[in-house]
Each structure stands twice: as C-alpha cells, then as structure tokens.
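The block underneath contains the structure these notes are about, expressed in structure tokens.
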Amino acid sequence: MRPIFFLSDFGLEDPYAGVVKAVLWERAPGVPVLDLAHALPPQDLRRAAYALFEALPYLPEGAVVLAVVDPGVGTRRRAIVARGRRLYVGPDNGLFTLAWLLDPPTRAHEITRISPPSPTGILPLPGWAPGGHTFHGRDLFAPAAAHLALGRAPEELGPEVSFGDLVRLPLALTPGPEGEILTFDRFGNAITTLLEAPQGGLVEVTGKRIPIRNTFGEVEVGEAVAYLGSAGLLEIALHRGNARETLGLREGMPVVIIPPPTGLPHLADPPR
Amino acid sequence: MRPIFFLSDFGLEDPYAGVVKAVLWERAPGVPVLDLAHALPPQDLRRAAYALFEALPYLPEGAVVLAVVDPGVGTRRRAIVARGRRLYVGPDNGLFTLAWLLDPPTRAHEITRISPPSPTGILPLPGWAPGGHTFHGRDLFAPAAAHLALGRAPEELGPEVSFGDLVRLPLALTPGPEGEILTFDRFGNAITTLLEAPQGGLVEVTGKRIPIRNTFGEVEVGEAVAYLGSAGLLEIALHRGNARETLGLREGMPVVIIPPPTGLPHLADPPR
Amino acid sequence: MRPIFFLSDFGLEDPYAGVVKAVLWERAPGVPVLDLAHALPPQDLRRAAYALFEALPYLPEGAVVLAVVDPGVGTRRRAIVARGRRLYVGPDNGLFTLAWLLDPPTRAHEITRISPPSPTGILPLPGWAPGGHTFHGRDLFAPAAAHLALGRAPEELGPEVSFGDLVRLPLALTPGPEGEILTFDRFGNAITTLLEAPQGGLVEVTGKRIPIRNTFGEVEVGEAVAYLGSAGLLEIALHRGNARETLGLREGMPVVIIPPPTGLPHLADPPR
C-alpha cells in the first residue's frame, strides 16, 4: 500500500484527525498513515502551502499527500485529486500552490464519485441524522485517499479537470531581490518567498536592515539574523527569540535583499 | 490484534501519551494504536464525552476505545472496562456517557486485577520509588487495553459491575426544541445537545436569533449561523470566525429551536 | 527493527516532526516510530530532560531514543549517539542528563559520517538550494536513528567521544531535604528534584508550607498538595487547579522537605 502523509488544521483538541484515521483504517486496514502536521493555524492557507513545500522534497514518490485545510468547506469549492510524482488529495483552494512548483501534476480529477463512510455498529437515536455538509475530511478526502493508497486509479474518483484551472494562491518564489513574508513558523521565525540568502548581504524589512548569515548561531542571543532556512527559503529570526513579535513582522510585508558590496573579498563560510 | 483508539487530555507537551504507548508496545508489541485526540482541554469531561460521541460511529466494531480524561485520578472513582460492540477502557466518571447512547454496553467490569508495568533496564536511584498513585493511564488503563487488544477476556480484569451503576454525566441529546450548549470545538463553534436543525428555522441563544442553514458557507463571512454539524448535532458558528468569543457563548447555556413557519413552502436544499 | 521513540519541541503547527518521520520512513521503511512528545516548550532543556526521565523506565531495552530539543543548532555543539541499554540520538546539550542517571551509556560517538537525505522526485527551482544548516533533526539525527533502528553499529556514525565529556545540565536528583523546582507539566504541576515524599511531612516553597499526601485527591478542590508524582519525584499541585500560576512558582525555586514529627504514629496509607 502507498503510505499516506496527512496534514490538517484539525488540531489534537478534537477527534477530527482521529476520525479521518478511523475511516482510512476501515477502507484500507493497516495502511501506514504518517502525520505531517495537525495543529496548523486554522484555515491559514499560506501556512499550509508553506508546510507542504517544506515537507515535499522528503516525501517518497508514489506517496499519497492528504491535506485538509479548508476554509471553504460547505461552499462550492471543488474536492480534487491530482497526480504528479505523488498523489494529492484535498480541497481545490490553493493549498498545494507551492508544493506543485516542485512536483507539478500532469492530471487532476474532481472527486465526485465516492461513497462516504456510513456509521456502523450503532443504535440510531430518534431524529438523529449524522453526516452533515461540513466534514469533507471524513466523508470525501479520507475515502479518496484510501482509494489511492490501495493502488486504485484516480480517474475512478470523478471527471478529469484541467490542471490549469486548479486554484492557485497569489504567491511566487523568487531569487529576489524583492519578495515578501510568506508566513511564520511556531518559533516566530518569518519565512519569506526568497530563494537565496547571499552571505554578507542584508535583508530590509519594515525599515530595518538585518544581516544575512549561515545560521542564527552566528549572532548574539537576542539579535536579528537572516539565513537560508531548512526549506531553502530566506528566513528572519531572533537568536533564541521570537522575530514576529519583537520585530513586529506581518504576513505579506515586503522584504528586499541588499547584496554584499562587489569587489570585496567573498565572505568565507565560518568554520563548522 | 484489535486496534486501540486512544483519547486523552495528556497533551503533547508532556510524554504521558507516549509513555502509555510504550506500555501498550511492551504488553502487545506491534498493536495498532490510533490517536483520537490528546490535547482535549484538561479534565473537561463534557468535551471528552462529545469527542467520543463524534468519533464513535466511525470506530470499527471490536475496537478497543481507551479514553483517559480523569480529574478524579487518585480518588475512589473506579477504573472500568465495558463491553458493547466495542470495548471501552477508562475511568468510571461519565466520559463515555454520549458514546454509550450509540453503543450501550451489555457488561462491565471494574479493573482490579492488573499488574502495573515495572521499570526495567534501569539503575535504581537511592531513595527512588517511582509509581505513585497518579498515572492510571500508564499503570492501569494501558495494561488493561493491551490485555483486550490481545483478545483476552474482560472478566479476567476484575469483578463484574452493574452497567446501570456506572457514572453518567447529566446530559441528554434531544430533537428539541429545548437543549443546551454541550461544549465547543477548537474553532470556537458551539456544539449543542440538539439532534435536529430544521432548515428555515432559527436558534435562540443568549437573546440572539440565528438562522439555521445547511452549512456555514451559506452566510456571509463574519455572520452567525446554525447548522447540523458533522456529529449530527446542531452547531452554532461564525463563518470564518469564533462564535464562542464573539457571541459570548458558554457551556450549559439554553438553546431553543424556533421551527420554520408552517404553511410556507419547504426551503429547498441549496444546489451543491 | 528497533522501535524509535521520538521526542522533540517541533510542535504540530509545523511539519518538522513529520519531515523527520518521512526521512525515517525513507531510510528504514516500516520502522515503528512512537511519539513521546512534540509540543515540549521550545528550546526548554530542563523540560526535555524531565520528559525523558519520566518516560525512560518504560522504554524497552534496545529501543532507539531520538530526542531533538536543540537551542544550539547551527552552533558548534556536537551531534551524538550514546549506547546504554537503549540507544540515544540527539544534540550534545545535556537533554539526556536525567535519563542517563537511570541508564548510563558506556560508549558514545560523535555523528560525523552521515549522508543527509537528498530531495528526490522534484523539479529544481532556479536559484534554490534547500538544506541549510538549521534542521539537524532531518539532516543528521533522523538518518542516524534510522541507521541504528536497522541494527547497524553506532561506531559507523563517527569517532568515539568520552562519555565523561558529554554535556550535562547542572541538575541533581536527591532524597532531600533540599531541592529545587525542576520544571512544570502541562497542568501547571511543579516537578521537583526531590526523590522522596514523606507522608505527613510538609514541603516549603516560596514561603508557603504545603502538606505531603499520597495523591491530590486527598485535599479539597483548589487546595495545594505535594505528593510523589508518576516519575517518582515530589510534585506540587493544586487539586483541579494550576499550581504554577496560583502559587507563583518558578523554575529553580528552592524546595525543602520538612519531615513529619518523630515519635508520632506513622500516618497510615489511606484506604484505596
């Protein structure tokens, strides 16, 4: 069976992620389900898009990527499955925008032919009709992911849709010099849309100029620093602090790289 | 082996859930353990009861449901195992109240005959005597759940107790029109004790009247709406907002359904 | 394969723990990975050291303990593997200090010979060079843990280092009477460095005297109480409350046991 990598904003304060796993278990008993993240900030598509970009290069080819961050559940947004070197299942709301820069799908299908899980082994309560229109993770996406994990064909899930018609977030990754703050991580580090971090240069954000180094270990505790983060994007951090709060950073803020002066000797990598 | 579905308020800030899994692993190596939720609000029995109700219809028959939300640990409350179409392990404090509406046990046993896990492969520290009386998840419930997962008999765990004597929370689910706010989910949606959500009707809570719709996508962003939630209970939400905070809702508040006027044409389901 | 018990401060708001699991999956497909805790307070080494102490007696011999709480990532701190009755992988920053009181390693190696995971199955982006120097959980520790889980030798990972040279936190566990507040758990209970909790005695902290009992169930709701916690350390709690906030406790505060008066009859254990 294909492993399922599962990302959501369901949190662990509610059983929603667990219910999705129960449905995966029912449809594909024993399928390996690996949690990517479940406490993403609720309904934050930029954060989800970044999380999938961060993880993607390490997800095995052929894996099923099940991602449910879905502020539009209950509206007319589509449910889709897309096929690149991995298989993607989720709402058509742009949350795969950055992941698909690395693994662009060649085909996509709307999920319309799926039988939702039906409650079993229970007594009916008078007047009770569970189901509702609000839990597509359980009723649509989990059955679709299980279908794919079992090796069945995506085209069985519904009609083909044009890859170009899928929703994209208005985000671009760029070598610079101009970009923006994409999102933040748990530690308050700002992740930008910039793909490069020229050593010896500076980053300008909200009127401040911040030195670019190899890691945040190269500045004193409490100082601001920019560096190439683990996803290959320029990040802005405070050494053992919270850059978001202390520097007053916000999503979408412009960020500009000021390269190191030319003609100067190249700043050597520090000894490691 | 029977899969174990595990719910607790242990959080992931401490290793308590992990230690329970280590004990399950020791007693039943390789047993499938599926997390339902571990960041339930500490010691909140209503929330736990709701979480188990939400998940129950999707848990396979024969599964072991291990639930540890236990404000009374260290007091005289009993530890129990109960047998319906699934097997329940946890404190006798009412946390299964709603789940058992759907899957009423036919027999129950107090857990008295269990050998707690003993530390192995360690050096003793002078004066150190781990164990204590406060971690029944590790010392009682995990060994009992592993026992059941291995297919062994519940009656080996201790004396039978009368199902009618088990503790229940003072909660009833009802088609209405009068109910109450049962609890809240992570997004601040209020879950009520009402089993119906008549389209075109209203819900009155804390002096406000809120329209009942199919989903929150049918009102504008920021507006209040009631709808049938994923558990089959009427919920009150703000479209992309937090109903609990914005509307000032609290647990136990009375909620009343005002049905749609009779004689009017039935409000059709919206196109989907 | 050896099971891997995985502890970190990565949280579930980001995919970092998930990426580590993806790398473990790639290097050792199907390896059992059991989560100990992932929402430890960021960069809090005392809390991490306590969490590992709490869990250790229940981790099977031969298991791999992968622990990543690493405020010094990107500095010159070493990455190590140590071999006791279990195998330890993590930064050399003291986070194993308390666990090693119970399971002192006999040999240790610096991790220097490891091939980091390389992104596969992706399109390169112009200018993009992922990797960075900041995610040793993914690039160093996960490959090392997978290596050990497969049964391969620790000495293949790098040169031997003296066990005595490994970093220790300045923490001692003691029968008392003088100790300190080690850390807090999620519920606001204070965990101390004291290994004993003499019934009928008192604990003095921040000018207050708190009775020592078997469990917090023996005092009224809202009252302070000390007892032997699940890790075998004296804890200070409020029955159904938050001791940290209500009593104004802080990490490192001195704690003194005042034993019960001699000559008095020994306080019997309460009936259970």
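Order of writing sets the labels: A, B and C. Residues in every chain begin at 1.
We adopt the following convention: contacts are C-beta pairs under 8 Å (C-beta built on N, C-alpha and C of every residue); 3 or more make two chains touch, one makes a residue touch a chain.
Worth saying up front: this structure is predicted, and the values here are computed from it rather than measured.
Fitting chain A to chain B on Cα positions gives a rotation angle of 120°, stated in steps of 5. Mostly differing positions are employed by chain A and chain C in their mutual contact, as under half of the interface residue numbers are shared between these two copies. Distance between chain centres (mean CA atoms), chain A to chain C: 29 Å. Each of the following residues of chain B touches two or more other chains: 12, 39.
Within the complex, the chain C residues that touch chain A are 10-19, 21-23, 25-26, 30, 39, 42-43, 71-76, 117, 119-123, 125-135, 138. Across the interface of their complex, chain C is touched by residues 3, 5, 7, 12, 32, 34-41, 51-52, 54-61, 85-86, 101-104, 173, 175, 185-187, 195-196, 214-218, 227-232, 240, 272 of chain A.
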